[in-house]
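We just call them A, B, C and D in the order they show up, numbering each chain from 1.
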Amino acid sequence: MQLGLVGLGKMGFNMRERLRRGGHEVIGYDTRAEISDVSTLTALAESLSAPRIVWVMVPSGAITTETIRSLADVLSAGDLVIDGGNSRYTDDLPHAELLGKKGIGYVDAGVSGGVWGLTEGYGLMVGGSDEDVARAMPIFDTLRPEGALEDGFVHAGPVGAGHFTKMVHNGIEYALMTAYSEGYEMLAAEDLVRDPQAVIQAWSNGTVVRSWLQQLLAKALKEDPGLGGISGYTEDSGEGRWTVEEAIRLRVPVPTIAGSLFDRFRSRQDDSPTMKAVAALRNQFGGHSVKSSQ
Amino acid sequence: MQLGLVGLGKMGFNMRERLRRGGHEVIGYDTRAEISDVSTLTALAESLSAPRIVWVMVPSGAITTETIRSLADVLSAGDLVIDGGNSRYTDDLPHAELLGKKGIGYVDAGVSGGVWGLTEGYGLMVGGSDEDVARAMPIFDTLRPEGALEDGFVHAGPVGAGHFTKMVHNGIEYALMTAYSEGYEMLAAEDLVRDPQAVIQAWSNGTVVRSWLQQLLAKALKEDPGLGGISGYTEDSGEGRWTVEEAIRLRVPVPTIAGSLFDRFRSRQDDSPTMKAVAALRNQFGGHSVKSSQ
Amino acid sequence: MQLGLVGLGKMGFNMRERLRRGGHEVIGYDTRAEISDVSTLTALAESLSAPRIVWVMVPSGAITTETIRSLADVLSAGDLVIDGGNSRYTDDLPHAELLGKKGIGYVDAGVSGGVWGLTEGYGLMVGGSDEDVARAMPIFDTLRPEGALEDGFVHAGPVGAGHFTKMVHNGIEYALMTAYSEGYEMLAAEDLVRDPQAVIQAWSNGTVVRSWLQQLLAKALKEDPGLGGISGYTEDSGEGRWTVEEAIRLRVPVPTIAGSLFDRFRSRQDDSPTMKAVAALRNQFGGHSVKSSQ
Amino acid sequence: MQLGLVGLGKMGFNMRERLRRGGHEVIGYDTRAEISDVSTLTALAESLSAPRIVWVMVPSGAITTETIRSLADVLSAGDLVIDGGNSRYTDDLPHAELLGKKGIGYVDAGVSGGVWGLTEGYGLMVGGSDEDVARAMPIFDTLRPEGALEDGFVHAGPVGAGHFTKMVHNGIEYALMTAYSEGYEMLAAEDLVRDPQAVIQAWSNGTVVRSWLQQLLAKALKEDPGLGGISGYTEDSGEGRWTVEEAIRLRVPVPTIAGSLFDRFRSRQDDSPTMKAVAALRNQFGGHSVKSSQ
């Protein structure tokens, strides 16, 4: 089918390609003219036959909201907007209402898969009305991985449910990454273990811990044994923070997810103010020597 | 090849079967006569042609040590013992030395896969000399899953390295299980999400969190939506405790693994003494009402 | 000096008494007529000589905001409102602006001390302009404990700083309570220790861990050795949740505070959905038996 | 009374002084001749009138065990040895048995107070028989702080109970230090707060979190606002590690104590291998850029 795609970054660019390979007519818009198919959002709207479908794939927050507002201006009743970005699910209802006032439908789609999605497909979690989701189904069918529908796609609930489940997915992802990495650090610290990479590689088959992340860690260690070329400095893109905030709202204990988030905060500090205070306290009561900062 | 197998419990019984299907001659010994092929360890030794290989698959700790001691009596120089149980790796060197005094070789093998190993194969992590491991390789080749050798088998290092890496594997496993389960609790707590099972099922393909454990959780939730029939009471078999203890020895921070272990301890308490004290404190300074225990 | 006091609950009632003992003229208002000095907020305003000071001590959130709005109606330019409740500090600026439009000043005051404050004084952390704080200083001087000013009172910064620091105070309090309680549980679990209460009592003098909370725990254990009469069910009044949320905003790692908050969530669950899922997973891969829920 | 004191380090030196001020005759022995009262352990034994009391205050582990062994040689039946060092409580029974074979009594004494003990007294937790503890009571009475006996001294139980409770004391201490320090980091991160030191100082009176550690933190921040001169690198002396290990043995969940221990491990790493692996994973699946290590 025909669709517009706003945002041709790392994710959107590949999605345009995958959708085209799947036989869809995709008109992409990006502020970078050299990769954009049209020059403005208005031109995008005009190039699509009504009723239109427009997929939004831009940074979450202010830019997504601004894009939704602009689409409300250039689209018409009966059209459908899908937000496939990493928006906080609490943005979905306001976005849906904004579009709904003009009779435009709204679906939120959590998209997992990163740079591998082009060839392997994207795991999809969507929220919206049955009608809106059904309408976009041909697009979802092309984006999602091959195999059984229920293994790579879920209509999780009403508007917001897609991004909520994607957020939880990412919160889990944080903790999984920490779990494997703690184990890696132990393997690397123990003299008995000749090659941590070989151990983690061997977990690929038959073990309880086998997973895609386990295989990626084996791959990363193969490319850079000892990870000598990489710093522990780790950004976070928001979903982890939101997951902990929503867990607090829901009164759900999430110590491993929260701990993984805090580890990322810590990784970005030159020194830890908390530990400076601990060291200072230790010095105060015990006369324990402290290391001067340099 | 020919081998003896001591211990025909949940794991050993299936391994005998998988090895036989693979063309090996397995003589099994168990204290339960109805499933044992021979009546004593001595009879087991006599029924094998020297140089013998005997695989030990009994509960870790005292029973394994006792079995190793008995094998030292009935086996001869040039024979080989493989401990495939969940022994603490610190037991391996004493066991190897005990057998080594009689000229008997020793290999420690961490075995993952649980009840699925019979059909899917067992992930294997082994420790020992190159010579001893090479000698047992035909057995490992049958036990391990099909596919590339390095994806289901690793010779991790000298004696002890097999059980050490298996211990770390299980430590990671604890934290992975907690990570998915925290996410499940959030999905179950949020009204927007129609069916947590469908969400977790959909993560099977294309997502970053896809794994064997993720699929097992989807399966468990399909069998018992809401997990109404299961209690949160969770045992631990030792590897998690050992992982944290070894992490302390190695000065490796493992907050998610340790937290997962502590959650299991907590799950087995009727009420938490820690939280009783917290509630008592809160009552002391704030006059906050407390719940009486019943 | 003369002041109005809105809210005569557990905290406000005692504060009225302490202020009167200190020679202030306090006119209290509460919806419960039997303890109120006036019958309406309007009557309260009329009974005070301009420029007035009114201390608000009602539940945080909607009730505080509603009270501030009503005060904006009945007070006049030049008056001063102090919010001494446990408001989230993010409410302070809106409240200050609302009152500021009418020329009414605003100070936020974090108040610690609980039921002990009447006799021992209240620890005070306030936010506001130098002028407003100076004006209310006679009140603060009576409420705070005897001793050096800087040991029981701080003008922490502009509007909001008082409640922010009180929030952090309470976040720390959560973790301190958990720390002592984990230690108590260990003492109670170890046969060598004859009487955990006696140990904790003995920490009152000379030790590194001596504190008011340590003394309260000793007191609680003296009143109910073994804490047999108390449940671990523990409420939280909001500050702990806010502390973790603000830590996330500030990118400050707070694992012990967050863990203490999550322990409270867990304490209020009959069974843990997270642990039910962990037990279900363990059963899936290992054939480990599970406990049926009842 | 008369006693021998082995070990005149940071703790022992001050204890000799406090005991002498209390009217005891103390003969101190140390390998550093310039501060030692006698030249050998044998000379120490000879200079004391039987039945003798010898207090051992040397580094825990091998040095303490060696000292106990030497004392078994030079002392006689009816004498009494007190180990006041930071020994692991599991060393106490072997030490008691070693001495007991020669009819020498044994008491283990956990001593808290650090460099402040000379003037303020030491918090004491002791283990041993009623008879042995009674015999050493005049020494304990001088070492402990002034005030009620039960507030600075506890006979916690049989041999081992003193060091066990001291170990738990230190485990709690770790978590308390982290709790205050997390709060400090939040205060320092928030622009609204003018001076974290003033806030923490103000908690000294009337608040729920007032404690000796709180006062020490205020003092440390007064001496070095911002802690610019101190590194977060923090050693640990063993008790924290032992506390977590014993908690595992007792199946007691101690997430805040364990987390505080792990934070210290982390503070001593130039970069975190765990976080390097997390960053590598993030790069693998998301194409997220990583920071190169330098």
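Criterion: a residue touches a chain if its C-beta (ideal position, glycine included) is under 8 Å from a C-beta of that chain, and two chains touch if they have at least 3 such contacts.
None of these values were measured; they are calculated from a predicted model.
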Chain copies touching (chain B, chain C) - same or different residues, decided at half shared: same
Contact-richer chain pair [B-D vs A-B]: A-B
Chain A-chain B separation of Cα centroids, rounded to whole Å: 33
Inter-centroid spacing, chain C versus chain B (mean Cα positions, whole Å): 47
Intercentroid distance (Cα basis), chain D paired with chain B, Å: 38
Touching two or more other chains - residues of chain C: 114, 178, 180, 182, 185, 189, 208, 212-213, 251-255, 259, 263, 266, 272, 274, 285
Chain B-touching residues of chain C, taken from the complex the two chains share: 10, 114-116, 177-178, 180-182, 184-185, 188-189, 212-213, 216-217, 219-221, 224, 227-235, 255, 259, 263-264, 266-267, 271-288, 290-294
Chain A residues touching chain B - in the complex, by the definition given at the top: 89, 112-114, 117, 120-125, 127, 144-145, 147-148, 150-154, 156-158, 160-161, 164-165, 168-173, 175-176, 178-180, 182-183, 185-187, 189-190, 192-195, 198-199, 201-214, 243, 246-247, 250-257, 259-260, 263
Contacting residues of chain B [partner chain D, same complex]: 208, 241, 244-245, 248, 251-255, 258-259, 261-263, 265-266, 268, 272-274, 285
